[in-house]
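To keep things simple, chains are lettered A, B, C and D as they appear, and every chain counts its residues starting from 1.
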């Protein structure tokens, strides 16, 4: 195929978008609708995953020192924790002194009767350590147990049950969202190619005429493919704009709800950092479905 | 050039389009195909351009054997033919000019050739002024002449015209027929299905007469078939 | 019955379809409209059936004033007309029978009437055997005759035919013309745009000749306009 | 319009579905896809709401009796709770005896040093009461406080914070899901009517021809409307089948995930009880959009 023919076919495909306004509009809008919904769902999924992951990270390892631990023994533990912090295992930690422990238990028990045997001195000092990743917990806890200052009787607390619950949620959620996304993706592909098929169908006479005049399949096909790709891309771009607007709005509303319910541990992602990736996903998706959808739709009518 | 060997075309609904038709047309001939409405003229022409395939028998055109032809060669067969369709088949989204240009674009003619040839072809059929009109903006006869221009523009080896003057007044019809004769004299084989008694009688060309799908007569310098 | 008063039709692209046309056709007349390709014959007929509206001037048909007509009355105007369109306009998803029956269904004829009239109409145009064929399964001439059958079936007050024999052989053309004359003798006004010199010359009816959108002559018992 | 004409037009609309196979298929599939996704999302929403609501109901009112409460005082409280149970305010309740309380605190504190002052006798008896609706909690707690046997010092426990957190979640969730559903609904209407518009567009020549032959608008319109309604209904029925299959499958997978993660407090709704409602929603939605979509699409082409 000669270069001027390629250029001709590309031009043809482009101008067909204008010439078949209604059909281009329908196709573009289908792309916009499908991608928009896909994108919003994806963003919600990312938000929920991120939040559950951060809850998992917020789980603390609780370590009690022996009531009688020496300053040296204490120092050993602190050194180890800080060294692990440098190594990137520990995210942050805080200590609870004997005095604080006593205060806490007193306010917790309320009934002074129960406090009879308790003094500041027989309360243990404790550490609350957040890990950067829950996966480090087992090794970290094993190692801590080896320190003589650590009270192994109390056990080193790490809310395995809570962790597992969160992981369970995450797994369910991931599963549901993956199922939804896959289904939605299939539906999107289906709807878009359906629309393209209809628009090509409406022009089947044209395709036949071209064939009757002696055009090669490729000569007929390429303008449609170019048209499909352009429609996919335009749809993706519009959908991206719509998504960014809708998401920003959603983010504002949700943030104010979060604040009014004091759910400050939850946070909503900004759109900016993911914008480029979303745009890429949209474009690639739109272009591929548009192009392939056109290709397949045209093929059926070429056999005359 | 074109050869039908015992060709039969039966349509999917059982209607016989053409029956046991054996005939050949040599290079450079001018042939009229006549017959009553529904006698198989269009079927005959459609078999040549591979719009329909024969149910039985064989069809050879320009060295291609049309009856069993690989898909990929069909476009090349059609490019060796210029066809005036009875139902026009103009691209609705293209102007008269672009419709004619399209026939040149598919054979990858240069833009310069296209710019020279297309106005020439439109001029030949008397439609220079309608170059920018879309099919739905033209009268029946004007559309028909655009189709003829498209069929001519690539100087095909064979020109097939299915009632090319059905929507034309006698004067324009004669101009078109003279044009076809001229083209024929330059070496193009011309096959015209027509109902125009006057023209057939006056031009004294070879006449193939069909009746209910069968060749009833085939005469050099024939006259329009006198029914009964 | 039909009256054009200084009617002009200019299409949206500036092409003049009809210019300062004043003419009237009385009830029961048989009129040929002739003229070269693109001279405005179809435009003339389209104005009658409100397919196009005049740019200037007035058109009266069967008591309706077509030039400024409420939308809701257009169907009733059209029902008083039977139209043979130059480009056929058959419903592609309906058989010949159903296409003709459709014209009766829209006027809410009884199924019994439909069952009686439709085969009759198809018989008149010689297509009884094609009742079950879809438009794409018929030859050009066959389709054209289905359109005629559809135009006839409701016994319209006015029959408008735009080149009703363009795709027909001379014998069938004559049969159709005789049919139109017979219908005319039963009181129907008949207006036929045509290129068939033979027929016009033989039938000696009123002939309105158009040239570039203007009425060039209007003669009782006219002949086909002799171009220059 | 005569009755036989109405019948004729209805028949016409029905048979057009066969005659325009590709286009009917495209429209039906668009309805199926849109409704299916709408339905799955709706079912997920119902599930999550139900679960959060049931978590809210699982919050317990905790009441401590005075350590020295008499049997009569205790009886008073029990009577009140049971009376409230009959009245439908209390869903269920359980008691914790002094012995159980002692055992619990012992295993909780672990360190025997801390237990020095505690005996079975100075532990309080307690009640854990689930309400049928968290909204009853305020009144119920107020009333409980008036009993002499109840230890008002300990406070009557009711996890307001947890409740508010859950309500916060619920509100966010409801908001997001409503936004999604509204958007999805709009998209569905849009996609379906888009497809119908295309199919009608492909048949605009037919519509014009009918008009040219003298058909009234209504004569042309009705078959399309019938066709649209039928397509909507067929789409809804297919979508319903698909939804029930997909949901049942999802339910099974989720249930096994729930079990493997011991999230037994969560439960997945059965499809059966909501089936009829879903079917009704689908049908009405499909029929209305199909019918109106057709009507509007045809209208544009009637003006010749």
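Please note the rule applied: a contact is a pair of C-beta atoms (placed from the backbone, for glycine too) under 8 Å apart; a residue touches a chain by one contact, two chains touch by 3 or more.
Since this is a predicted model, take the numbers as computed values, not measurements.
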Notebook entry, point to check: Stepping chain to touching chain, what's the minimum from chain A to chain D?
Noted result: 1
Check: Going by the stated contact rule, which chains contact chain C and chain D alike?
Finding: none
Notebook entry, point to check: What is the chain whose Cα centre is as far as it gets from that of chain D?
Noted result: B
Notebook entry, point to check: When the centre of a chain is set as the mean of its C-alpha atoms, what distance in Å lies between chain B and chain C?
Noted result: 28
Checklist line | Approximate Å spacing (C-alpha centroids) for the pair chain B, chain D | finding: 68
Notebook entry, point to check: Just how far, in Å, is the C-alpha centre of chain B from the one of chain A?
Noted result: 63
Margin query: Where in chain D do residues touch at least two different other chains?
Written below: none
Note to self: Quick check: what residues of chain B touch more than one other chain, meaning two or more?
What the structure shows: none
Check: Mapping chain-to-chain touches, which pattern fits: line, ring, star, complete or other?
Finding: ring
Check: Name the touching chain pairs, please: which are they?
Finding: A-B, A-D, B-C, C-D
Check: Can you name the residues of chain C that touch chain D in the complex?
Finding: 49, 51, 71, 74-79, 81, 83, 85, 89-93, 102-103, 105-108, 110-111, 150
Note to self: Can you tell me which positions in chain D touch chain A when the two form their complex?
What the structure shows: 22-23, 26, 29-30, 33, 36-37, 40-41, 44, 67, 105, 110-111, 113-118, 122, 153-155, 164-165, 167-169, 171-172, 175-176, 179-180, 183-184, 187, 190-191, 194-195, 197-199, 201-202, 246, 250, 253-254, 257-258, 260-263
Note to self: List the residues on chain D that touch chain C in their complex, please.
What the structure shows: 1-2, 4-5, 8, 16, 19-20, 206, 209-217, 219, 303-304
Item checked: Residue ranges of chain C in contact with chain B within the complex -> 11, 13, 15, 34-38, 41-42, 86-87, 133, 137-142, 144-145, 162-163, 166-173, 195, 197-198, 224, 227
